[in-house]
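Note that the chains are named A, B, C, D, E and F in the order they appear, and that numbering of residues resets to 1 at the start of each chain.
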Amino acid sequence: MTIIAASEKIKHNVQDGIFVIQLDDAKSLNSMTGHDYLYLGHLMEIADRDSAVYLTVLQSSGRFFSSGANVGNIGAMQSAQDENGELGKWLSEFVSRNLFVTHVFAKHTKPIVCCLNGPAVGLSAAIVMLCDVVYAMNNSVYLLFPFANLALVTEGALSVTLPMKLGYNVASEILTLARPVTFDQLNGKVVTRNYNLKDTQEFNSQVLQDLKRATGDLHKESIPGMKRLLQRSVLDQMKRANVDEVNDALSYWVRGLPQQRFREIKSKQRIHKM
Amino acid sequence: MTIIAASEKIKHNVQDGIFVIQLDDAKSLNSMTGHDYLYLGHLMEIADRDSAVYLTVLQSSGRFFSSGANVGNIGAMQSAQDENGELGKWLSEFVSRNLFVTHVFAKHTKPIVCCLNGPAVGLSAAIVMLCDVVYAMNNSVYLLFPFANLALVTEGALSVTLPMKLGYNVASEILTLARPVTFDQLNGKVVTRNYNLKDTQEFNSQVLQDLKRATGDLHKESIPGMKRLLQRSVLDQMKRANVDEVNDALSYWVRGLPQQRFREIKSKQRIHKM
Amino acid sequence: MTIIAASEKIKHNVQDGIFVIQLDDAKSLNSMTGHDYLYLGHLMEIADRDSAVYLTVLQSSGRFFSSGANVGNIGAMQSAQDENGELGKWLSEFVSRNLFVTHVFAKHTKPIVCCLNGPAVGLSAAIVMLCDVVYAMNNSVYLLFPFANLALVTEGALSVTLPMKLGYNVASEILTLARPVTFDQLNGKVVTRNYNLKDTQEFNSQVLQDLKRATGDLHKESIPGMKRLLQRSVLDQMKRANVDEVNDALSYWVRGLPQQRFREIKSKQRIHKM
Amino acid sequence: MTIIAASEKIKHNVQDGIFVIQLDDAKSLNSMTGHDYLYLGHLMEIADRDSAVYLTVLQSSGRFFSSGANVGNIGAMQSAQDENGELGKWLSEFVSRNLFVTHVFAKHTKPIVCCLNGPAVGLSAAIVMLCDVVYAMNNSVYLLFPFANLALVTEGALSVTLPMKLGYNVASEILTLARPVTFDQLNGKVVTRNYNLKDTQEFNSQVLQDLKRATGDLHKESIPGMKRLLQRSVLDQMKRANVDEVNDALSYWVRGLPQQRFREIKSKQRIHKM
Amino acid sequence: MTIIAASEKIKHNVQDGIFVIQLDDAKSLNSMTGHDYLYLGHLMEIADRDSAVYLTVLQSSGRFFSSGANVGNIGAMQSAQDENGELGKWLSEFVSRNLFVTHVFAKHTKPIVCCLNGPAVGLSAAIVMLCDVVYAMNNSVYLLFPFANLALVTEGALSVTLPMKLGYNVASEILTLARPVTFDQLNGKVVTRNYNLKDTQEFNSQVLQDLKRATGDLHKESIPGMKRLLQRSVLDQMKRANVDEVNDALSYWVRGLPQQRFREIKSKQRIHKM
Amino acid sequence: MTIIAASEKIKHNVQDGIFVIQLDDAKSLNSMTGHDYLYLGHLMEIADRDSAVYLTVLQSSGRFFSSGANVGNIGAMQSAQDENGELGKWLSEFVSRNLFVTHVFAKHTKPIVCCLNGPAVGLSAAIVMLCDVVYAMNNSVYLLFPFANLALVTEGALSVTLPMKLGYNVASEILTLARPVTFDQLNGKVVTRNYNLKDTQEFNSQVLQDLKRATGDLHKESIPGMKRLLQRSVLDQMKRANVDEVNDALSYWVRGLPQQRFREIKSKQRIHKM
């Protein structure tokens, strides 16, 4: 029985107690299908259950961290016939996947370190906001939450993580006006170090080397021990937000509103303003 | 665009501001497929949005209120090939549906009156526990939560509603030992009136007549107004429980454990002890 | 500077560390004007601040504990001209008073013992539900929450105390159908002892004597000490409910809906069904 | 039946789904009487109920955003005879009004954009802190919370919004020492953009133009949709704070302490240190 | 390195996935020293960590379940000299032990079944209230919470479990008047079955046999799985209550008040009224 | 009866309603034994109960604010024989003390002003994070939380205060990598003013003088009044964190892990990386 077919776009390995997951589809800017997000969540669960792992590191490749949901994939889902109607289709294609990947990240018991090599968009950007430590490759990184441009609402527990990490008013403006989150807004709040590098591969290996050196002498068990203490104050709100967000968004999908706007994005009739 | 294909087994009508939903498949003891549960949830949303509706009434037919998930349907889902593996299949078939129907009942803003004509099992019994007012046809009604017998855990926010409505210790014993909840345990806590009738149709129409008479002179707007005030203390916990329950259960489905036990139930190798 | 003019209808005294407040207007069935409720709240605050007081006892007189808001008084408020309009008037006459008396009862740090000699209605009945210990004179006592009959919603944090003390489904039916709460429903949940007496004066003095005897040997400081521990789990929900209830109700008052129904009650065109 | 008499000092209009409220009493520095605050709250409720409105914008005029409670008005209230005493008077004049305006802002379901043209003081400054997005006209704006100087405590749910938006220690020092909040402290936390303008009218129209351009292509329904998700994490705490704050402050009013200090402010015997 | 020296008065064994702990000091009525409570907590932790255990059963011996804290032991602690004063002594002797044993019971992840063979007093009775399922040997069992008689306040998270399981008003009266909780009050709420037996040994083995039979066919992993879901709604409140209770009680111990009253109990000058 | 023997290393006095506590053991860098922490907590309780006190000020002496737990003292505790084993010993020596001092700081009802003259380490640094206002002597101050280096987890409710005051991601990195918190990270968040001084005595008296001048005209009662309002949103989470932290850490102490690492620190085999 296969739990989930491996995605060729996502690699992983374990090094000295550090579980490394890498998005490895630079040519699509690491866009993700629904299946890719599930597979990412599945790897997170393997890392979580492995008692030898004390840190989980998320890396990417190429220019973008991840350009978000694969627009072609949404088109395919949309044209698929479902004799039972739109409700069941979007529960399967949207609600169940977003809920799962968000839940798996929110409840992860090891600190999650994100190597942010470039821009991240949509649900992928929400995942960056769910990470505990974020390092930036340089000051060109940004996050984009274009939900109001797509006839959607917040995903990935963003309605909790965004105000918690960037401040309530900053989060409100970003979401209301579908504004990008610049490096300057992230710095010192979400991003705790800027590596000032240009090559993603060099950045990824530098971060890993730094993490190994910094934690080499530490008592590894203390590290997830403190993560579990930190997350207890916020986990219930994240769970509540997750279920509210997917169910609120469902009514937009059932009416076909985001689908229409994804089509416009694909055909360049609509852009995300920067 | 069809939101959801109607289920022939579930009827509905509106009478003087009362939205009536009826399970109408007496010969299967009102067993429910995944699609039936979605359609039930869909009707609840229609009732919720209709500003002329001040009460939602849930009725059934025949001997059972509902025997729960259709065992044959689970078998069909199980044998269906999904090239992407078990995780995606059970996210679609289990997580997304349970989450949706539970969420829709938990956030419903009109009082939900349940006409409990007979036994209810599993998720259907959890739905009874999500209703605000429950009337019993007679003292033969009971609820059955056989999750431990099926290699599952609580569904339908039961981990909140069962201790809240029956008491923490009573709930613990029922779940731990997969014991039925008898009429005596329900009476005065979940059930507020026993009609002492034998015919479901007579029971259903008697309840409706009583509700119309009792609310005839009342200011209708006050009724959902008070429901919204009552639910504010408990709704966040129900949402949190819902997302915890579906995600905890997922690991059992992915390993094939409940599927095996449903097969044993179907072939009479396994029974629910009463 | 007078904090509040004394109401002749409400007496009080202190006996051996017990602060006794008595509603003493038997001929009006202890109906209460807005000013009476404020004065009652004011006495509660005096009891709370007095470090020699370890118990607060609420007594009444005659046949009713309290028939609730004085209907004539509401009529007078209604006809009063307020050049600034209805919003300011009902904020003063309804919101501020209900909020204050509910807050004062909810945060009181001594156990409140209620001697329930007869029926209580509306806000007065909500106050009974805010007491920590309730003794019944006999099995004729009942509570009446006719909010749906008056175009109102719950008051006095009832949306929290009623489900907490009587059970969620019982509370839902009582409010939805504006049903009285009978002695049998109160017994063992709200009422912990039935004195089986017929004379209110005898009942009041018997309860006081029993309380003095039962606590005579106890360490008095422990008694409010445990009240403060008990209330910590529920106080925040009561505060939240209080502000929600008064603000939700305000929109009914501003539209004149309860005023109309109070007029019908006064002229016997409308009755509370029992 | 008049809900509330219009205040001549507060204007409003609706433009393309944006509800604009303007404080228009530059010569009094937009000081507010109790009635003005109620009228402002009333306008907020109209904006909230209008389904065509997706944004609410708060503007002012002249040099100050608002100098807070009208000192002359407080003197008038104080000298008014109330035969029932101080408790009822200050429940009407203070508790009910502060509670209402705070509640209405806290539960507002559209993003509230504040055009902060100059200083704001007291309850008016608390209202600025309740807005979701704040734009500054220039770096001369500041907020003043002189509660300790006035023998008062926090108002307008500030005990929640101030630590949430400025940080716990910054909020503590501001309140403990009655210090102003400077532009530098607001910038990047409460204020997300400095327009660097000198004319209030130009500032107001520039903000409106920018909002229309930025949201022109967006799906309007998503905007309040995300506001509702954002506020769910904080609304209960704001409600709890609101009821605590008004009731804690009441004891100061009943003893005449802030009244005395407002008199000293009026007669220039007391100043707010900057 | 010894974690804790075994107490001869407490036995334990594991049978088919059931971890059985037995208080075995019938001649002292199973009174407990501070060390006994620690050892009991230590055994609970062993049961919790053992992944083969799905149920934890607490049994006793003789006439009493447990008469509570050993009075002689308290006398010994009291007379012990501690050069650093009373604060350090009672932090060690009272706070740290009560906190630990309460925490260990509250966070236990297997259902705890209590075989209540007779009366339980004080902290031991609080432990009974922390169990998930309680079976009574007969209708002579009772619980005694004589905190007000001992110049103490609630222990063992009772300020949460008592109102949650017996109802708020019942809990208030029991604590305020130091009244015993009778079998009739426990039945149907805390106690879910009365075995109607007279011999403790027979009772203990009958319960074990029933548990094995009832769970024989069940999927064992589901049982702690559902316990974890049930406890999520209440665990944070129990933790908060635990820390409040031990710190509130500390001030009584430091002043020597309970010590004096334990001496009076020992010398029969003081009794617990029944 | 002595509550607690005075520590010679900690002085205190009261000046014009300001309660000043001073760590006065410059030559040990103000390292603290378990008894010192208790005595500090005891002084905080005296300040809290004194109704004439409206501010509590924490000062130190010499180069360090406090170098944290006295390493020699831990060695002494470790070698002490406890016939009852490690559990009881570390409950007394670690759990009860950390719990007490954290609880006393968290619930303190006057604003706590910390004069941070130099570095603070471990539990002492956690105490700095529990203060409401922190002034820095100069930009050489820092905090060190070397828990992962010591085989420990967060103490002093840091799992709540650190993310609340420094941001979630900053807190995560600090704890995960045992990194110091620099002045730049503290400034504007924890520290609200940098005095740019070099002499601790001058710094201490300058702060006191500034506090007296700034509060001279204020209504003193308002100051603790606002502290109580501010702390209501966070106190329950701090209590929950406190009990979780001490109990989670206990398992490390019982296994001897931090003891071993404190020995290595003492013998210079292990250092805290800066």
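Definition applied: contacts are C-beta pairs under 8 Å (C-beta built on N, C-alpha and C of every residue); 3 or more make two chains touch, one makes a residue touch a chain.
Just so you know, these numbers come straight off a predicted model, no measurement behind them.
More than half of the contact pairs of C-E, counted by residue number, reappear in one of A-B, E-F or B-C; that pair is B-C.
Using mean Cα coordinates as chain centres, the one most removed from subunit E is D.
Computed centre separation for the pair subunit A/subunit D is 37 angstrom, with centres defined by C-alpha atoms.
In subunit C, the residues touching two or more other chains are 240, 244.
Against subunit B, the residues of subunit A that register as touching in their complex are 1-5, 35, 38, 42, 83-88, 91-92, 95-97, 99-100, 103, 236, 239-240, 242-244, 246-247, 250, 254-256. For subunit C in complex with subunit B, the touching residues are 147-154, 159-160, 162-163, 167-173, 175-179, 237, 240-241, 244-245, 248, 252, 257, 261, 270, 273. Contacts from subunit B toward subunit C in the complex involve residues 55, 111, 131-134, 164-165, 188-193, 211, 214-215, 217-219, 221-223, 225-230, 232-234.
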